[in-house]
Every structure is written in structure tokens, then in C-alpha cells.
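So, here's a batch of structures to check.
In what comes next, subunit A is part of two complexes: it sits with subunit B in the first one and with subunit C in the second one.
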Partner chain A sequence: MNSLRTSFKRWNLTGLLFVLPAVLIVVLLLIYPILSSMYYSFTSKNLIRPHYQWVWLDNFRYVLTNPEFYRAFANSIKWTVLSIVGQLLVGFAAALALNKIPRFSGFFRTLLIIPWAFPAIVIAFTWKWIFNDVYGFLPNLLTQLGITSHNVNLFAEPSLVFGAVLFVNIWFGAPLFMVNILSALKTIPADQYEAAMMDGATPWQSFWAITIRHIRGVIGLLLVLRTIWVFNNFDLLYLMTGGGPSDLTTTLPIFAYKTGWGLKQLGVASAITIILLLFLLVVCMLYFRLLNKWEKEDR
Partner chain B sequence: MRPVGRSKVGVALLYLFLSLLSVLAVFPLVWIILSSFKTSGEMASHPLAFFPETFTFEYYRRVLNNLHFATNIKNSLIVSLSATLITIVVSSLGAYGIVRFFPKAGKRMTKLLITTYMFPPILLAVPYSIIIIKLGLVNTWTGLVITYLSFSIPYAIWMLSGFFQTVPLEIEEAARVDGAGKWRVFVQVVLPIVAPGVVATAIYTFINTWNEFLFALLLINSSGKMPISVALYSLTGSEILDWGEMMAASVIVILPSIVFFMLIQRKIAGGMAEGSVK
Partner chain C sequence: MNAKQWSMASLAALVLLTAGCGKEADTPEAAGSGDKEMKGEIVMWHSFTQGARNDFMKEAADAFMSKHPGVKIKIETFAWPEFYTKWTTGLQSGQVPDVSTALPNHVVEMLDADAIVPLNDVIDKIGRDRFYEAPLKEGTVDGKNYSIPLYSHAQVMWYRKDLLEKAKLPVPKTWDELYETAKALNNPPEVYGLSVPMGLGDMMATRFLNFYVRSAGEALVTKDGKANLTSKAAIDGINYWVKMYKTTSPSGSVNFKVLDQATLYYQGKTAFDFNSGFQIGGVETNSPKLLDQIDAAPIPKINANDPDRGIETSNVPMVVWKNSKHPEIAKAFVESLYEKERYIKFLHSVPAGMLPAMKDIAEDPAFLDNPTIQKFSGAVKVISSAVDQGTAIGMENGPTLESGILANQGVIEKMFQNIVLKNEPVEEAAKKAENELNQLFKLYQ
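Right after this comes the complex of A and B.
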């Protein structure tokens, strides 16, 4: 009874008023749509036809027995893992280099950050233009150098398209890793390195014991956020290739889009996106386990 | 052995590495700007030539006059500015409220953000397109602004709560002792301190809404109402692509993004590094 009264006292009206608008909007714009998406995933909802009915698990059965779904799933994993690894490696290397050079670090940083500001539609136009097999810079350069006998269209060639979209995604995403890792590197106290050197540690040892240990929290958080972003990404890939050629770059979001708006089957599309969300939840829980373990070790 | 970065050769190699990366990072921007001034004849005959032989403003003229891109820019400005304004008001209140009055939840901000971040835009797209049709908001800016709040508010709250956490409690308490109420403390004491962070968050929100594509594609189909990203996309609908127009339009869309980005780059990174150290 007593604890109840104190908790009522703590019920702080002004505080609630501060957070109320944000809470309302998040509930209305995120929670409610998710619930209604779950509902539609059990129905035959169509984009155009007004009538639909409850179909139980039919949509899920249809999706989970569809080989196209598994191809899109495999493409999603490949696209996400390879993009993230590439972005991390390039961003990390650039951040270490920027942190080491004595001068012009701000200048290089400003240049290197430029891809991050590109909207997806402009990224797509720019690289389609550079890769264009008639006017494009790269195919013409390769032909002129004698590397290729004729101009190749990187976004249309089945053996090259995945490498090409990965390259663009790494080009776009590496600056975000670089900037965040760099500002984490700056928080490492310099005297730790001096102490390690006095103790006779090799540069490699102090890199692992000091640098990595200090910034792994930031890297972990970046990995979670960017994995989710890349896995969920629709516009960048769709605008570059439209999921083609012959579905080679169709990931789950593009597959859901084609099902929902191409085939008008919103119910099935909902089922696909719900499966996508469940998969992300599992992956993120694994990430969180690791982050919590690191947090405990750092204490 | 001296570590890389201390020896002269090591430093030179680092500069070489960074220079190569910078060329890769900047080349596409430079290339689309230069291409947008080349005549179509030159694009075809000299695909590798760097500088245009004759500068032409023809594409810019066509994009702005014939394609009415000025209207699309105006649409984008209205949508992005409204979304940014609402986001900043709601998120400043929310972030401050969480940090000051619900500190336990404040410590879990990052996890809360990640949870909302996990909802794929393509998942939200299904219910949004159904709801927006029901509300009769198809082809309206209101409909678009509402959907933009779904991703901009959680992110803004997260960024802002990082900034609000840096405000020392003593300053607020001093103001409270002087008799200021909670709202007055917030408006007159706290907000001015975090103003640079609020501006950075506002610019970041603006860029994200300016660049948004999926919801705009699904909810707006009349060209007079289209924001710039979808108007650009509609250039790909014709049989023969006019690359000159596409490049000129791209340059118009990207320049504000880049300028704004340069202004706030340090703020964005700082927030994340501090946020996860805690």
C-alpha cells in the first residue's frame, strides 16, 4: 500500500505531458500498423478488390513453399552480410588512417563523407550512368585499356550484377562506419598506448588490447543498426536494378513489393514482411547477447 | 620496429590510401556535375573526356521549365519542412521528458530505438497505403508527412536524448530554485543549451525526408504533387532516357543534401560515439 502511494507520487504529470505526443505518434504510426499488417497477413487482402476474407495460414503456406521466396531470402542474406563486411572493413581502415595522419585529416574526412549524402535515386542514376554500356565511363575505360573486348553493362550482366550492387552499397555505406569509428577512436586516451609500449607490447598487441576493446561497443551498435538498414533496404537496390536481371538481385523487400504492388496481393506481401520482421528480431537478439556480454566485461 | 604511421614511408602510404579512397568517393559527384553540362553529341563521341568542350545549360533549362521541376522542389520543401518541424517539436519534448522524468527508460533509449528501427518500411507500406486510402489522403502532402513521422521521430528522439543528457542538472535546479516552472526551465534554460544539437537533428531529419522514396512512390501519383525523389524516378519512364536531363536533375536534388551534410557531419557522429559509451 505504501509503495503504491509513493509510486503515485512519482506519477509525474508534467513529465507525462512531455512524452505523451511522442508516445501517441509512435503507437499510432508504428504499433497500430504492425498489428494491422499481422491481421492482413491472415487475409486475402487485395490492393484493388474491396472484398477479402480470412484465410488462416494460407499466405504463409504459400510463401514458405515458394522457391522464389527462398531465392529472395538467400539474396537478402548475401546482400546484407557482404555489404556490411565491406562497409566495416573500408570504413575502419579509413578511420584508422585518418586518425594516424598528422595533417589534412579534416580535409580528407570531408571528401570521404560525400557518398553518405546521396539520395538513393541519385545513387542509382549516377552509377547507372557510370556503368552504362554506351556512354558510361567505366565500360569505355575498360575497353580502351584492353581489359574487355566490348563494353559490358555491369547492371545487366548476370555474372557481374551482384558484385556491382555490392560495390555501390559499400561506396555509399562505408563513410557512416568511418565517421563513427573515427570519433570513437578519438575518445581513447593516448597514455594507454604509451603505457602499453613501456610494458613492451607490440603495436599489434596494443591494437587488439586497447583500440579494438575501446571501440567494439560503437562497432557493435553500428553493426546492429546497419544490418537492419541494409536488410530492410528497398529503394537503393530496386532503383539500381529493379531486382533483375532475372531476379538475381531480388531481396525480400523487393519480393514483397513485387507481390504486393505488382501482383496486388497485399495479404501475401504482409506475410512476407512479417516473416522478414521475425527473422530480424532473432538476429538482433543474438547481437544484443553479444553486446551485453561486452558491456559486462567492460565493467 | 616502429609502428605504421610513425615512419615517413608509413605516413606517405596512408596519404596515398586516403587519396585513392577520396577519388573513389568524390568521382561520381564530379562526374554527374560535368556530364550535366555536356552536349548529347559529346556524351556519345567522347565518353571518357573529363571536361565538357562546350558548356550547355540546356538540360537545366529543360528540367526547370519543361519538366516543371521547380514545382517538385517546392512540394519537397513543403513536405520536408513540415515533417521536420513536427518531428523536432514532438521529439524535443519527448527526449527531454524521457531523460529528465523517466531516466530508467532513458538508459534503454538505444534499445528502444533499435526496436522501432527494425520495422521495415516495406512492412509499414502495406498498412499505410490501406489507411491513407481509407482516410482519403492519397495524393496529399498531409498523408506523406504523417508517414514520414514514423521513421523521423524515433531517430530524432534518440539523437536528441544524447544531447539532453549533456545538460548538467545543477543548471536546471538553479533555475528551479529561482522559481521557474518545468516548462519555463525547458524552454528558457535547457533548449538554448542544446540548440546546436537540435539544429543538427533538424537538418538530419530534413535530409532524410528530402531523400525518401518508397512512401512517396506509393502514396503520390499525380506529377503536380510529387516530391523531387519520385519526380526524378519518373524520368526513367520514357522509352529513350535523356541522360543529360537526368544528370541535371540529379545535381539539383543532391546539392542541398551535400551542403547540409557538411554543416552537421561532426554532430551526427559525436552522438553515436557518446551514446554507446554509456
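Right after this comes the complex of A and C.
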């Protein structure tokens, strides 16, 4: 007992009190939701009914035997991988171009970052309007040019809807890659390129050995962050298509939302979010392993 | 300061903080009852987002507060879909209002969650005999009235008089006539014959199918609480709307929700539509020149000589929440909304859109003396007649949880999307959707 008191006294109590608000905020905003989701995932918790029971693994069994879950999971993977690859390629190309522009670089950079500055609701409704087959600019233009025989709504065509939402997400997310990659490009010492040129390196070799090598840490971190954001992204996709038509754009977050708030099955929705969390943890571990490897190589 | 003193001081601070967070005059004693002057604060949620109705509610609350200086009414406004999310999530944390508007299928779910209180005393004070029976029944369980109808409206068929006159076509009375007429008037992208909405997150496809099934004398929920999507009438209805979609509707209507659908008609882009009297206000705001060219007719029948059948009526009620700390104030405020002059002013905020829930008001010259109601007297007659006979979707056999599931889960909307976009055979898609609905019905038992 005495040793406990001594070790307690050894703690800086005033210091602890100072960090207490921050700790409380972390606990309330991060730990509590995760723990409550874990708890509810083992219960029959309903959104509006006051009573619920402990159901052990029933919710996980229900989710993992539901074909809709696997369809949503496949859509999530497709949505994340294609969005990230598209955003990276477009952002990288824009950053390389801006890095080479001698004049008005700041102006173009501001212009190109505009999509990132818009809230999701503005983006969703703007593109819905552009694609609208009655009033929309694009379907009317395509018909007038004779490319389509009648006005086609891209969000209503099964073969086009995924490509259309993907395009919007790439348009929205590429500026973040562009700005960060451009900043990284600016830090590459010019003398390295000169030395490589003197040694007879081809432009491709310079690009690969100098440019990529310098910025891959930034790209790696962007990939980690964007993978988490895009995989968890709910608002943009939900506002554009609501997961439809025919569930063609239903991703896991939309599936979880529909289960939790539509069907009011909070227990099942919690099980979905726990599976989502575990999956993202595995993906992040793989990413960080790759980043560590790159860091070791750079030392 | 030692550890014990620290603990005591922290505890005291916590108690003080908690006490400081409490609302003023929140004790039940503070609320007046009987002859005592009422005192306290109540929160009201309503879904009247449009200008005139929103203004009316503010005025009504101000008037109530002037009469009862000890009362404060805080009004919060949410559109219907937002309102639904708000109360279902708010229930978990007790963040629900004292009094609110509701939709009939919300009331059933609120009852299931044991979230609202009976209002028999309020109805008796206003005059039970003054109310229409059907709207009262929608919120009644074991003789207790859990909701009080505020206004009613019904779905009817809206058409464009000028387009019909130009094509020398009569107003269709049967579903086959409607298809042929819509097809004849279909001239995209200027005008579409009739848009068939199937968007997820709304109940529009369910509503359209319900029109057809009800006109055949059936319902989408059977008496024993099962989904009905595979009877002959239901399959015919599904085939009918799929055919109509392919012939007269913009392709994007597979994603249409209520506002997308209505906006097309408001802007003169569709020749036919189904809606309540709210259609008048929408056209007046968006395309005032079209106002003289619109009119309403009863929802078509399968055969012209079929009997008149009730289709879909919405009786929008008010409810008082169990969590309310001042139910007396909430009830008194609700009662004040039905004072004759104020109630008529409320109904006139969307003339012909909101019809009285009380019989005497419906015949009152003060209510009828409105330019829009007089201009659209024919349409008002059609809607009033439909109001008398119809019910909310799925409530043909009384208030049931199944009706809410039918309207809120988008199962029928997904079925239609699968048929028109994935070419799923109609019978197969209908069977699948019926099974899914029955499983959901079980989940809620």
C-alpha cells in the first residue's frame, strides 16, 4: 500500500490534471465510439427500441453470410483502388506540369485546387445537375453532337454509373495529391539532376532514381491517408447516388448506414464497422511496412 | 493538498458543473397545470420548411408565449427525411422534442418505441366529433389517441390541360388510357409523358405501385401482415410501370425522389404526375404561367366502371413526446393551433395543399373564401373525395409497423431498378422483393 502511495506521489499530479482534458477528449471521441461499437456488435441493439440482448457472434455470422455485404465490400475495394490510382496519376501529372511552368504557376495551382475546396454536398449536387438527363449540360451536349441518340443520365446507366462517380472522385481528390507532390518536388536539389545528366543518365533514369526516390515518402503517406479516407468515404457517394441504382455503387459505409439507420439494426451495423476497421488496420500495417522499408533504404 | 482533498474538490467541481448545465425551470413543478400559470421551456420540431407555413408556426408560438409569459417555445425545423433521422437517433440520448409533427408511419414506430403520450384530453377539449374518423384512427391503439390530425391531403392525378387540348385527347380514366395518352404526349426532351420515379431513399415507386394495386381493390400489405407483390394485380402493376418507364419517362427517373419528380411537373416537363394539392403551390412558384393549364382528376381505375376506391391519403398529425418535461405546455400549445381563426390561417398558408382535419372547418365559408381554393375548386373537390376514402400506404387494415417498413426500406424501389436496369424477370424480382419484405417484417416483431 505504501509503495502504491509512493509511486502515486511520484507522478506529477498537476501535470496529469493539465493533460486530463486532452485525454478525456481522445477517450470520448476515439476510444468510446470504438469500444461502444465493439460492444454493440455483440448485441441485438436496435436504433429506437430501448431493450436489447447479448447475441454473441450472431451479427458477424449474419453479415459474413450476406451476399450484399460481399457486393458492398467488392465495390469498396474497387472504389478505393481506382480512385486512389486515378487521383495519384492525375495529381502527379499536374504537379510535374506545374513544377515546369516558369510563369503563372501560383495562379494555375490555385485554379487546380478549387475542386478540393468545395464541400461534398456542393460537388454532389453540381455533378448530379450536370449529368441530369432532362436539364443537364452533358447529356444535352452529347445528344446535340449526335454522340447519343437520346439524353442519357450517367448516374442511371448500369454500365456507366461507377465510371461516372469514379470520375467525380478523381476530379475531387487529385488536387490534394498535386499540392503535396508539388511541394515535395520543390525540395529536390537541382544539382542532383545536373550530376545525373553529366553522368549520362537518360531523363527516365533521372526521373526514376531522383524524382521518385525523393518524393516516394510523401506519396506513401498520402496513399495511407487517402486509402483510409476514400475507403470510409460516405457523403460524396451517398449524396450522388444513394448507393444505387440497383446497389451498383453501394460501398461498405453506405451498407452500414442503411443497416444501422434504415433497418435500425445498430448491432449488425456495428459488426460491419468492426470488420471495416479490422480490414483498414491490416491495409495500414502493410502500407507502413512498405514505408519503413523505403525509409531504411534512404538512410 | 493531499489526494483525498483533491478527490473531494474534484467531486465538488463535477457536481457544480453538472448543476450548472441544467436548464432553467426544468422541474415538473414549474410547469403549470389547471388554473396555475404555465411556466417552462418546450422544444417543437416541425417539418414545415416552406416560407408561409414556417412563418405561421413562429407566429403561433409567439402568440402563445405572449399569452403565457412564463412559457418559452423553441422551434426547430427539419425536412421530413432529416426529421426521421433526427428523432430515431435522438431517442437514444433523450434528445427528442416536447412536441412535433409526424407522418402516420412515424407514429406507428414512435408507438413501438414507447416514445409518445396519449392526447385524448386534447382531442376532447377541441371536440372529438369535429374530427374526421379515419385520421383519428391512424394514431389510435386500445382507445388511446396518440396523435392528433393537423391536416390531410391525398394523391390524385395531375395533368396539363393545354397539352391534352392541343392533342385533342380526353382526361384518361383508366390505366390503359393513361398509358396511351402519356405516350401520345411524350415528346422529350421538351415534355415527357409521365415520369416513373424509382429512387432509393424514398417511397415513390412504392407509391406508384400502390396506386395500381389499390385501384384493383388489393393492398401491398395483406390483412395477416404479409407483403403482397406477387398477386395478379401486383404483377400487372409492376409490368404497367415498367412499360410506362420505358415509354414515357426520362431515364434518370430511376434515381428520382419526391422533389426530383415534382420539379419536372412544376417546370412543365411532364404532361402527367401524381401528387396532392401541394402541386399547385409548386407550379405557382416555379412556372406561374402554367398555373392556368393544370388540373387534377381521380387516380385512374383498371376498368372505367370499377367502383371508386380509396387510394392514398396522408393525415399529418402532431404528437407529444414522453420525454417532455412540460407535457401540459406542449398539449396547451397543440390545442391553441386548432383555434378556428388560427387554424384556417394555417391551412391557407398552402391553399388547397392542406385540407382540414375537422369537418366543420372544411365547410366553413372562412376556409372556402380563398382565391386559390376557389380557382381550383374542381381539384379541391377531387382531393377531398380521395381524402375521405384513402389511407396511408400499407395502413388499409389499421396502423401497423409493416407500413413503415414498406415505405422506408426501398425494397420496392430496388426491385423496380433491378427490373429496368438489370433486366430481372418481373415475377422473379417481385418474389425476391416480397420475401425480403416479409423477412424485414419478421425482424420487427
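Convention: the second predicted complex is superposed on the first by the 279 of 299 C-alpha atoms of A that agree within 3 Å, B and C clash if a C-alpha of one lies under 4 Å from a C-alpha of the other, contacts with A are read in each partner's own complex, and residues count from 1 in each chain.
We adopt the following convention: a residue touches a chain if its C-beta (ideal position, glycine included) is under 8 Å from a C-beta of that chain, and two chains touch if they have at least 3 such contacts.
Owing to the predicted nature of the structure, the values given are computational and were not obtained by experimental measurement.
Three-chain overlay on subunit A, with subunit B and subunit C in a clash. Once the two structures are superposed, subunit B and subunit C can be ranked by residues of subunit A touched, with B on top. Contacts of A:23 after superposition: subunit B is touched, whereas subunit C is not reached.
Once chain A of one complex is fitted onto chain A of the other, the partner contacts of A:263 are limited to subunit C, with no touch recorded for subunit B.
In the superposition on chain A, no contact is made by A:85 with either subunit B or subunit C.
In the superposed model, A:158 makes contact with subunit C only, not with subunit B. Once chain A of one complex is fitted onto chain A of the other, the partner contacts of A:209 are absent, as it touches neither subunit B nor subunit C. Contacts of A:100 after superposition: subunit B is touched, whereas subunit C is not reached. Of the two partner chains placed around the shared chain by superposition, subunit B and subunit C are both touched by A:134.
Residue contacts after overlaying the shared chain place A:64 against neither subunit B nor subunit C.
In the superposition on chain A, contact of A:245 is made with subunit C only, not with subunit B.
Common to the subunit B and subunit C interfaces on subunit A are residues 47, 132, 134, 140, 261.
Those residues of subunit A that touch subunit B in the complex are listed here as 12, 14-19, 21-23, 25-26, 29-30, 32-34, 36-37, 40, 45, 47, 90, 93-94, 97-98, 100-102, 104, 108-122, 125-127, 129-130, 132, 134-137, 140-141, 144, 171, 175, 179-180, 182-184, 186-187, 202-203, 217-218, 220-222, 224-225, 228-229, 231-232, 234-235, 239, 253, 256-257, 260-261, 266, 269-270, 273-274, 276-277, 280-281, 284, 288. Listing the residues of subunit C that touch subunit A in their complex gives 3, 6, 85, 88-89, 91-92, 109, 112-115, 188-189, 192, 198-201, 250-255, 264, 269, 408-410, 414, 417-418, 421-422, 440, 443.
Across the interface of their complex, subunit A is touched by residues 1, 3-5, 11, 14-15, 17-19, 21-22, 24-26, 28-29, 31-32, 35, 43-44, 47-48, 89-91, 93-98, 100-102, 110-111, 114, 116-131, 146-147, 149-150, 153-154, 157, 182-183, 186, 207, 210-211, 213-214, 218, 229, 232-233, 243, 246-247, 250, 253-254, 257-258, 260-262, 265-266, 268-270, 272-273, 275-277 of subunit B. Of all residues in subunit A, only 8, 13, 47-50, 131-134, 140, 143, 150-153, 155-158, 241-247, 261-265 touch subunit C in the complex they form.
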